[in-house]
């Protein structure tokens, strides 16, 4: 997976939080890389470490309560080990982020315009007036009607979708090369979500930036991502192109995710196929394969699941899977057992 | 007079004499640092406020002492240390009053050439007006009531109430003559004539209760500024003529008086010299006391005057079981006088243990020992128990002791009584009352004190002037007790005493009169309605800057008229 | 309810509780209530525990003051004039800070030489009694009105909220002083110290409920929005049931927290009143009263040191404990 | 739900079915007050005159965008809120304005599942007392005592009956939702209104709960009203679906009909906006999507006539003046009602029409 | 906004009226419980020679014999039209706005209070400046260095600060700094600022510091809690993600939001203090409004106490109002119609 020409290269990223209750291993050995102009989707259950990863890439973890190790190389600079000032200068300018809840992510006391201007002026030595023109420009670009008037509104005067657009405008104000969107549409209605997703796709193409989209909605991933990284318990358990992940997934957890999801594009299935049990605790991560307590095929690993952490191994071209099941067996189960069930229409 | 008051020389001081050596009590009975140098501003301060600077509306000794700076009354006490001040002399008047009609009519002749601060001449009419307005107690509530009681007013109530009427008790045959008509003979009228109420007040400038805000000066100083309850300054009155005034030296150029300062700060400021006098004249605070008495340099700047003041406890004879004289005697015997003394500040700051009412410096004083509290003054418990037995309360009884809540010394006295009476089973409950209403609404109101079972009431009294009448008349005459409250006499209503008082008043022979008052004292003591505590003393401090300092025995504090500054 | 066979609701993938493995991790927290969790958290907070221990000690001291004084001191009101120089009103002892000995552990106070140790101990009784009971009163009034305002809303809320504003607008201290000053000497069949104490409790408690009510109202408002209240309602629960069973258990924590934080305020309040001379009548010892007397003798600092220290320690202990309790019980910090 | 035919028969026969709940002209206006005297100046017209029926044994899905009045509708029919106008008939009886006391007997037959598994369980109560509360409140005696009944219920929803004495905070979101479901089942209700029962749950857990709900329905013959904004979940779970827009129902039909032939432009737009988890369809999908512009208007001051007209690409003058009634449009299946002057025709070439695969 | 302010003003006035009614009620009723009659109340103001009839006349002239509501109404309307009193022969006039007339001091209450306001205001504002600077700075530093030694020490001191009674700290510091070391002015010192600003500050520095100590402690704790909360908000993360300097993040984004609730508490505290820092003023012997109240109480001068209570409540109510309006200005979310 590591590509020499990668724009973003994350190697063995570990982010641990020491807490009163024990060490929280939110991210535990994550590797991936990303090219300019490409989109990576990260999916996984709540608490699987998606947001922590994204904050890690921006270097936003507080040294005092987070232990970050590994490497995050953005265009040649290792963010984990660079000095804070360098990382700060990169934030906003070279990499930017869109957050899940645009209302709480914007400062309630400053106008939308002010907040965009601020983002622009940290990195560009321009006058306020110029920055304001830029802000209006950006608001217009993300499809806010009458941007020159709305620029002086406060976030709470915007509707949910407009806020998220404003967030995007703010994130894009310095033409960042890497854009991370952490659940950008979870708080929005479907119709608005569709607008925002379109907008992001268009803007990404326009700026040719690298995009990481974090979500637990497989539909969103399918709409945007070129590659998909499936996280479970702080680890990557499957990685591949979007088509691969949706059509030839090999990890039982990925199967579970697909089975849990009712789909409008298929007939009504008789029953959903959920994953049994509950997501793992990140403090007492289950021994061996973190997924083994919930895995329907655990028996077939011959006890390996509970004792040994499986390696992330290549299962096909650019397709990596972290599973004890033999490759052939996985392919068989998918083809013979799981897929038919998923596709069974009522 | 409340808040100071009293008079007479120290027993050991001969009167007169001067000294320049700083020593303890150097300004008591002698003039310390005599000087004629004029100039400077004398800085005074007081922690509480007092009733008023209006000469017709004040009853505080300090106020009478101070009023002489800006008003002149008909007569005044002679200015000087020791016994000097026991004598009266003319002030506005050329000399003392001339009695006629067997002491029922008193005539005063004013000095010529007297002027108010605005230059208008002072006439006998102004004196009459001053006295008349002081009769208006509903408006000018504070002053003494001697003129109301003794003048032959024939229903005249004062210039506000009896508008347009002339005061029938005062005649002004010419501009320089004032004649007073009394309703009974009274030999000591010259004492009345020194009350500030006889100071002249121009009728046109009288604003009733608000006159205090601008008192028109007849003395050497006049008000330059006046902020009620906070601060005022006096400056020289250029219309005052030294030639008309043999008694006043008027040394400083002005006076600066701060009201409502913090008591401890006053002490500290006098110690470091940024203040000259504590106007209250009641001595240093407990905090400074140990310092003053302990540090020789400070002690040399302190005096220990004895005030004509009795701190005592009234025993209410109208409630059970104190209506039985034996129970009252039990209280008298059981009380520990030393702790009473300690409560007031010990032998030097507190006073001498009292055995009767009249302080030693009052003429007619005799050493009484009606209820001996034992050799060590700690009470005679055996006699107390015997008295209780006689009273039919062998195991003691319960009652309340009232005191003024804001006065720590009275509170301490109540605590001291509580402890000492508990030794014979008399249980006291302490009840503090607000100072302002102590006499008007609580202890001073017969219905209240009887209904609320106030058996003992802490009290304190200073002579209006140093003679038997001036000391005793307001506290032992049962006829001054009023149902509406407000009397200082809380417990003494003995018909026999009332008659004796009338006799003493009518008595013209001074020696016999003094003896009469002494007898009254004894008779009251025998009734066991007053538990004497201590005759007040104070440790007072003079600043390093003061000159011509001495204790005026008429007021029991430094003489404010004579003091100068370096 | 008769339940159908288990099998019918589990087909290919079991929907039931995950089997044994998950059980293991849950065992550790079996049946632990929020209270127990809070207690565990509190135990870890050393400062709060220290505060708690001091509070318990103080309460014990207050209860057993007569016994302790019997062993180590003198009755609080008894005089020891021999320890004071009557002329200077300062201790006879040459030791600069007054008369100490095995029976006067903190020296004596002027002017009669009363034992400071026993007075401080007896003062604890009054201070704590008044603080506790007035807090209780504030809590009862405040919590009741707060709950009513928050739960019923509408005009009840409007009236109570205005009343709250009103009480918060009063210059409480002055008002309390004025009231304590004009109150009769005998009332409601009580007199003396008992009446004073009852009165102070009433005054302090009565003028302090506004803050408590405001907090409880806020909490109730937010609780009312929680779905479990709707759930109870949808089951047909009456208002009384919802108040008692659903809201009250959740309000106990904030009430407890603010009660512990109100106690130190009330201790200071009482001390302030006594300091200004409108507290308990003399000679009964109170800390504020002792301080106000010590002021007259400020040149000998140990008179004001001991009662001041007593107030400080008590208030600090309650504050520490209250803070700790807040951290332990506050769901936000969980 | 063992037989898919059973469901079909339900849907086709729907109009003839006996209605358990029927709602007519239901309104809820929240007053907005202002000034010293709390003068009412306006109202949030959260629900503004809706009619629908819920038949015995079926599941009615209620979808729509945030703020369109779904929850309010749910609260109205369970009488947690007092309707401003309109009539709610439950099991043949009018319950629209019953008092709390008079409502109590009906509560047994009508229960509600709440959205947020964290706030719907009182953190201070044990699971036992939470699930036992219905017995307690309704004064129901159970055969083997409340504890046994509660444990049976816990087993029924797939929880370990041993957990009787635990507190909600010791459970995961999915488990909590099961506790909530157990509580609603205690009194054997006929109708369960579920307000977003799974939207707070993770996808994998969501499926468990959806399955549980379906299983219970089969088992106990329950009737559901399921409120959700996730159209795929609604489609999965419902027999009939009602689409709401700004306090109004704009379209009702049985599931197949609605998803295959949506008539109302809003329904069309809504469905086209759902992202499809199929990366191969991405390009095609984008072309087919109907992108709505603008925001949902304020329910305080909704547009005249048809409320959707401000965002509708087919809107004409009449839409502003005349409010389209919710009726069966010519040519539509019985029970497929649409409130639109210009419904989208079956074969209409709208940008963004996705045929069911 | 304007209508909001008007509405709030209306409410404020209403609150004051009710405060005045309650106060009046208490001071009217309690003396009567204590056995007071119109005559006994009046007897205090008529001197010692008055007979029962004069007392009764005075009681009538002062209106003490009227029923509660009449008395209240007389008192209330005096605020707008002034009022006359009769002490028998003499009359007194209390010009509008008349907050009461002291029968003991024979003067209207309001001018007295206004006269003392500068002292209290000097005390309150001076102390406020100190405590805001120290309290907020300490709170911010503590929050930023949460768990550090500085934080622990600062919070320990702060807890100590709020646990110390002000009259004690005041006394101890007076004894130490004024009487022993002579660094600061002794108690009871006050010089009007217009006379000598230097002296003014010198005289007040000790009361300021003492008062500020108490409040700094409280504000440090508040600020710390507020900062910890806001620094955990999503918008702080956003600000950092924009690449802002940490300093900007803390001040412009964190502190700005954390200070809003503190600003409102600050307004109320200053309002309360302007209504009389009773304990501080009596400890330091400052002739401010609080001391005025205490003195009035010990003199049992009820009209003064009444006037004071209303005046002080007025400050709180006005402070409340200002705080709400300011809140609406600094927090755009609460801008109301």
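Each chain carries a letter (A, B, C, D and E) given by its place in the written order, and its residues are counted from 1.
In this text, a contact is a pair of C-beta atoms (placed from the backbone, for glycine too) under 8 Å apart; a residue touches a chain by one contact, two chains touch by 3 or more.
Which chain is which protein? Per UniProt: A, D = Peptide/nickel transport system ATP-binding protein; C, E = Peptide/nickel transport system permease protein.
All values reported here derive from a predicted model rather than from experimental measurement.
Q: How short can a chain-to-chain path be from chain A to chain B, counted in steps between touching chains?
A: 2
Q: Decide which interface, A-E or B-E, involves more C-beta pairs in contact, and give its chain pair.
A: B-E
Q: Could you grab the centroid distance between chain C and chain D? Build each centroid from C-alpha atoms only and quote it in angstrom.
A: Computed from C-alpha means, the inter-chain centre distance equals 49 Å.
Q: Rounded to the nearest whole Å, what is the centre-to-centre distance of chain A and chain D, using the mean of the C-alpha atoms as each centre?
A: Centre-to-centre distance between chain A and chain D: 31 Å.
Q: With centres defined as the mean C-alpha position, give me the chain A-chain C separation in Å.
A: Each chain's C-alpha centroid was found; their separation is 50 Å.
Q: Send over the residues of chain D in touch with two or more other chains.
A: 175, 208, 211
Q: What positions in chain A touch 2 or more of the other chains?
A: In chain A, residues 271, 273-276, 278 touch at least two other chains, as defined above.
Q: Do you know which chain C residues sit against two or more other chains?
A: 14-15, 181, 185, 277, 298-299
Q: Using the touch definition from the top, list the residues of chain C that touch chain E in their complex.
A: Listed in rising order, the residues of chain C that touch chain E are 162, 165-166, 168-171, 173-175, 177-179, 181-185, 187, 264, 268, 271-272, 275-278, 288, 291-292, 295, 298-299, 301, 304, 308, 311-312, 315-316, 319-320, 323.
Q: Once bound in the complex, which stretches of chain E touch chain B?
A: Going by the criterion above, the answer is residues 35-36, 39-40, 43-52, 54-55, 58, 87-90, 92, 104-107, 115, 178-179, 186-189, 284-285, 287, 291, 295, 297-301.
Q: In the complex, go through chain A and note every residue touching chain E.
A: It comes out as residues 55, 58, 60, 64, 88-93, 96-97, 99, 101, 104-109, 118-119, 122-123, 154, 156, 167, 170-171.
Q: Which part of chain B faces chain E closely enough to touch in the complex?
A: Where chain B meets chain E, its residues are 136-142, 145, 148, 157-158, 160-161, 163, 208-210, 227-230, 260-262, 264-265, 268-269, 405-406, 434-437, 440-441, 445, 448, 451, 482-487.
Q: Show me the residue ranges of chain E that touch chain C in the complex, using the header's touch definition.
A: 11, 14-15, 18-19, 22-23, 26-27, 30-31, 33-35, 159-160, 162-165, 167-168, 171-172, 174-175, 179, 272, 275-276, 278-279, 282, 290, 293-294, 297-298, 300, 302, 305, 308-309, 312-313, 316-317, 320
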